[in-house]
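Below you'll find the structure, written out as structure tokens, and then a few comments.
Chain IDs A, B and C follow the sequence of writing; residue 1 opens each chain.
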Amino acid sequence: MKTVIEVRNLSKSYRNSVALDSVILSLEPDRIYGLLGRNGAGKTTLMSMLTAQGFPNSGEVKVFGEDPYENEQVLSRICFIRESQKYPDSFSAKHAFRSAALFFKNWDQELAGRLVEDFQLPVKRTIKKLSRGQLSAVGVIIGLASRAELTFFDEPYLGLDAVARQLFYDRLVEDYGRYPRTIVLSSHLIDEVANLLEHVIVIDKGRIIMDDDAESIRGSAFTVVGSADKVGTFLQGREIIHTDNFASLASVTAVGTLSRAEKTEAAELGLELAPVSLQQLVVRKTISAAGADLGASKTSSLEVTR
Amino acid sequence: MTGHQVRALGSAVLIDDSRPIFLQIAERIEGDIIEGTLQEEAQVPSTNAFASFYRINPATAAKGVNRLVDDGILYKQRGIGMFVATGARAALVQRRREQFFDQYVQPLAREARKLGIEPLELAEMIRQSETATVHGGAS
Amino acid sequence: MNRVVNVLRMQLVNRWIFIGIPLIIIAASFGLSWVIWALVPFDEVKASGGSQAVLWYFFALGIQSLTLTFPFSQGLSITRKTFFGGTVALFSLIALAISLLFFLLGLLEKATGGWGVNGQFFALEWLVDGPWYQPLAFYLATMMALFFIGFWAATIYKRWQTTGLVVAGLGVAVGLVGAALWINFQGQWPQIGEFLVSQNQMSIAGLLAVVALVLAGGSYLTLRRAIP
């Protein structure tokens, strides 16, 4: 299958910080990607480079097989409303939608209208007078109604209340089901979006630390709780991504799955097994990557030595 | 309509982010077939409907449904949709029976051993719980 | 090409900014001048510089177009080139329309004996003293130059922030001082003076047009690597 995005060794640094560090990525068409990471991890920078809104120091970006920079053919199929998107001062949401309709060839005005009602957006008020949530709603509506082949949502839920966020996720799943396209959902609220994702990319300090199908990540790690000694013996030789100690107890998260025999063994040793959610796993991988940084080690994990 | 409430309930109760979701979808459909909510030869909702209902990725929902198609539990009719195969219920019950020992009996026996409950005592407890459930169900 | 036209239409989505406000500025500055003329008990020609108010508005629009409309255009996946083309086309059209309006009102002004009070607002003597197209060319060139000064300054700010503006400002200052020193050194002030004296309305309009073109080129090259 042809890829939508190909990124090779993309690097970007600002005066005194590295925003992207040799990023390699490949995105396939008609999938929902989650671009996850902490605030400042490099999510927006990466999306800016992919849409030629920003410029890398080195590396190569290909979107729909071509360099997106000043490339009308490519850009006209992309929609990227950033979290801090600026609008002309005098514009109301209505003006913004009318403008968007001029440039996105798949623009669905009816959908935009329905979303306006969903989010109860005052379309005649100037955008600069809107609340943070309403501002996010403007971006969400443009992103969804554009039906662009490649759509980026940059922390789309900021300021939206729980009801509005659910509405966004519902509408996204619904519309994506009817009009499949490539969607990149950038978020630091992982639990909320986890179930919507088909593929997960985790970025931390400008580096990609996870790039895998969501379904293979789910259940790809487990936590064992019990007396530290027994946990250590049980997990001998496994890749450990997180350890918590409490008195003589340990709660250790390890990569992989357990066979039926191993589960029985754990039960017989009096160890408790707990599943690890996508969010927990991402958080632990991120922390463990930071730990590896401190230890000046290249690996993102530590072996249990007991 | 209470569609939103149902949906919130559905995703909150049924989808667990620490296990592959397609398995959970497949299990959920299997459960509906075993319980008779989904009759044999009845039409199964579309993958998009599953995706919207459980608020999950449509491709994931499709993977769950396709797994049941591969197992012969569901069958596709081009252009119309997906249906429950005849004999699906019996096949599922058979499979669940096979898993019953590993999934339920063994952990139960293990816990019983830990607490010093003799196998006979355990059997008696099961018999008692049976009558309790029947009574509970009747009242 | 279609997208260039759409950039133009996009900025006109809110007609108020490019059509309503300029007309109000023109009407207000003219109205104010007229009231003053009517109050002044003086039969000679009374000229007003009020017509330049709308020209300065263009300077502000040039800045805003880059600081806000450009980032928005990026969100709509418009290339920098297309944005530039559409924006310049829009400003040229509006500048042309206002120049034409001034020209026509200038004719009316003369026909009505200075709006009945011997006032001069659109047909300033200095401007209309020459070929008929002279005021047209002058207004157009001035507006475009002002627009591009604002636009380029904002582009420089976008690309290099305050440092960029300071460096650019210093560069212009150093350039001017350097030129002055060089002229001094070469003892060419008399020639410069002659050159300035020899200028007429049309040649000034021409110079402004050249300046506008240079600014346009500079703006475009700066915009090519600007980030929203």
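Heads up, the rule we're going with is that a residue touches a chain if its C-beta (ideal position, glycine included) is under 8 Å from a C-beta of that chain, and two chains touch if they have at least 3 such contacts.
These numbers were taken from a predicted model, which means no experiment stands behind them.
Taken chain by chain, the contacts run in an open path, each chain touching the next and the two ends left apart. A simple rule picks the central chain: find each chain's mean C-alpha point, then take the one closest to the mean of all protein C-alpha atoms, which gives A. For the pair subunit A and subunit C, the distance between mean C-alpha positions equals 46 Å. Centres computed as Cα averages put subunit B at a distance of 73 Å from subunit C. Per-chain Cα centroids separate subunit A from subunit B by 31 Å. For subunit B in complex with subunit A, the touching residues are 4, 7-8, 11, 15-22, 47-48, 51-52, 54-60, 63, 102, 106-107, 110.
Contacts from subunit C toward subunit A in the complex involve residues 3, 6, 9-11, 13-14, 16-17, 64, 67-69, 71-72, 74-82, 224-225, 227-228. Contacts from subunit A toward subunit C in the complex involve residues 48, 51, 53-55, 70-72, 75-82, 85-92, 95-96, 98-100, 102-104, 142, 148. Contacts from subunit A toward subunit B in the complex involve residues 31-32, 166, 169-170, 173-174, 176-178, 180, 191, 194-198, 214-216, 218-219, 260, 264, 267-268, 275-280.
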